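Letters A, B, C and D mark the chains as written, and numbering starts fresh at 1 in each.
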């Protein structure tokens, strides 16, 4: 088992009133209106905060609503989506902002996206350099040579080799595409980075390389919301870990306590860790519920060994870092 | 430190949606198209036997009457009622279109499936043939065949069919090739399925929708071509008046300012074509795996 | 790039040979008898051996493959035989009329591509919006409408009712000199009709291409980077959405020629396409054979043009021809 | 018992993807084939599963040399090797319900009666139950669809199972569930396993031994 990542610089003090967190999400819910009037609750009541120089990993099984949450923060949800709750960064309310505000002040400037399949998020018929320069012109208002220099700076900060700037997206290897995506996210010097499944489909050593690179951006003072189902990548990068199940955040804990001892307090989070081949490699019985018809009470009750009548009927409140009627151990 | 403050249970959520919701006119389009096609079928099947119209009956006094109650579409330059002639014309055009489209689809599917299934040099040979045929403009090839074999019903049907199997062949071949490379064909082979079972159980259901769609869309296209041939005087003989013939004979009276003998035969060709396009479009939307409403988590 | 063009020209030769062979084969298989066509009414009264004599010196008695070889040899020397209906060597007829057809086709093509792209992008911006709905409805209607029918109605409306534009021909009946101004005035209506009859495909392809591109990841990435909606639409959605339309340019050339056949006949435009129709109705085989080959060459040129354009526009596709 | 000796295979005669690959599996043994993505290990897996004819080299199953692939391979030999692919969406016929998807090999080899019952029984062992079985591929998640594909590969009781990056797209819990299902089948039937992947930790934990791509193939 890879030893827990080196001791990190001490995380900044508890978010006090005078110094508001970089990103504060309260009661964020997203649901989709399906044909025939049915509603699918993709995200319910998500709440967390994120500080500069800190990385929060949002982990969970594929299909639990992680990527929907990322799209909600950037205002890129499809037309049939409805949102509720608040998500505030640098004084701007993300969920109610209209398209013009999002395009001119938030995207690229306040929140930088490192997308899932990086090569697919670049326009195939234009070179990486051209798209970098275009983004630089749009975000910084620079023109011509100055814009090109700014773009080259962002590429260099993301360790993207300067001589590959005239390459087309389909000519990039997995690792290069990842670094190009990071460079594009850094052009606007956004204080908050949003990495949506950055390591999917990459080989193991490439995953570690990408995780370290993202960690380097956090150590330079940026905040990073890392969305992934790869727990090993989360362990290498995160300061805190939030676990999502069936659209709900069921646990938020410090990375050292989560991956080390005493381990996660929510039974699902514990089951997720035990399923790793590095550990007992035992699967969580049963299947995740349909987001279209979530059971009453705790969504994990049908698969939880410690569930009782209360779990099945009453939905647990998120308190003490977890949303469970029978959490393990005491609150930190 | 994790958050100490218990999060208050969210008040009843205030839902806000960003994109405007547009009423889909899909069901409206399908209903309208279906209604038109039913009318076309009724008109073509019921009217001829019911109203025994003698095509050659000439009624000179009521020559070139504008549309009126008696003659909804007015009369042509020899006094015949245009509405009835349009229905007859539509029937002829439809017959030619259906037969030619059917022939084109059968030839195209056979060539396309054979090219994809056999592969190797047969595939290259057949595709070279298709490329050659398709590099001659359809109407020009049609004109050439009809010119050589003297205008008549069968030369027109043959010339339109011979020039239209190319697109079907390409569609079927592309579809079979893309399906054959899918892992689920490998899984069927590994599961003991024989060649025939793979073809009938897995490949055919995959190809039929696309080939069927191509066939349906072919009918208006072949009708279009038949009308072009007839207009150029190389289509059906005048006593078998198709819509193209009607427009050609109407050309004289048009220059004298009478617009209705030209307008209505054209509309009789356009409206059924739009109906077929409407239904085919809805069908293609259902076939398209990436439906808009599908949720992407 | 040049290598691909070179290979394509080499590839075109067998295709053209095959087409000419097909033309002669169909002619041989058909009831068409060159001698009766040549002698016309005089042939009815001529004696049998006169007919055989004519058949011999026309060289029609040999098998069609031999006649095909002679025709090819002649074509290489520039001698395409004589046209009965135009009463002049085919080569001269082609030289004289080809220019007008190219002028008409080019004007119509430009109109179709420009309008198609402009309206396609505007419609794709607001899918299901008012512009999208009515433009698409008009596009499907125009796609279904035969070009000659559009032409006739255009003549009725613009020439007869409003008298704004001439009804056909190349110059006004009065004048005998061909001035640019008059040609332009006479070109407007046929070019507009031919252009509008080709417009639907370009409009629908661009609308579909750009519409799909707006839903896919590259545009999502561009928006996430904070680019303005206009830059996203023109710099990204249009750039990758245009690709299907480029392939269309090649495959629309045959339809353009088909349209020209009809529009030139309706507007009696002195182009090569109108001559083709006269050749077909009068069964003038040499002219018809030459024009068929000419059209095929034009289509092959169109395919080469669209592949070159596609190779330039899309780096993923090399020039492997 | 599987022997691969000097296998060269690819999709274009001039540029084979695999050169000179040699590997042997003892009866009932679980071998992991570890290699970077794009090195051709999937092509080798398809050669072993009798789905891809190599340009050169020898393949022997239980000592009997194989000289025909795909349809030409004898049905007895083909059905003795089950295969599970990386992308469940592409490995499932979009029109079939999950229960028919699992029962398809039984119907293809003429064992129609009780096919649906046998399929439902086998679906139970991979965690698919009740209403899920009547759904079509686009109505279920990747994890659920991959469980059905695994059940389909096991329905004819193969003597060897080839898993080509079966769990690359799946999360930890579903991966553990599928591996547990494979292991319980192998315990009951003594079947061999060739697991192809790029996750060293997973293959290390799952297979008896792991072969590195450099040692297996020369290029």
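Following the convention adopted for this analysis, a residue touches a chain if its C-beta (ideal position, glycine included) is under 8 Å from a C-beta of that chain, and two chains touch if they have at least 3 such contacts.
Note that the structure is a prediction, hence the values are computed from the model and not measured.
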Using C-alpha atoms only, the most centrally placed chain is B
Using C-alpha centres only, name the chain that sits farthest from subunit A. C
Take the average of all CA coordinates in subunit B, do the same for subunit C, and state the distance between these two points in whole angstrom. 22
What whole-number Å value describes the gap between the mean CA coordinates of subunit C and subunit D? 53
Whole-Å gap between the CA centroids of subunit A and subunit B: 49
Averaging over Cα atoms per chain, report the distance between subunit A and subunit D in Å. 34
Mark out which residues of subunit D touch at least two other chains, giving numbers and ranges. none
Residue numbers in subunit A touching two or more further chains are 62-63, 99
Can you pull out the residues of subunit C that are in contact with at least two other chains? none
Chain pairs satisfying touch are A-B, A-C, A-D, B-C, B-D
Contact set on subunit A toward subunit C in their complex: 74, 76, 99, 103-104, 106-109, 112-113, 115, 117, 120-126, 131, 134-135, 138-139, 168, 170, 181, 184-185, 187-188
Residues of subunit A that touch subunit D when the two form their complex: 61-63, 174, 201, 203-204, 229, 231, 271-272, 275-278, 281-288
Applying the document's contact rule, which stretches of subunit B touch subunit A when the two form their complex? 1-3, 6-7, 9-10, 13-21, 293, 295-297
Which residues, counting only subunit D, touch subunit A once they are in their complex? 36-37, 127, 132, 141-144, 168-177, 179-180, 198-202, 204-206
Residue ranges of subunit A touching subunit B (in the complex, touch as defined): 14, 26-27, 29, 31-35, 40, 42, 45, 47-49, 62-65, 67-68, 75, 77-85, 95-96, 99, 240, 252-254, 291, 317-321, 331-332
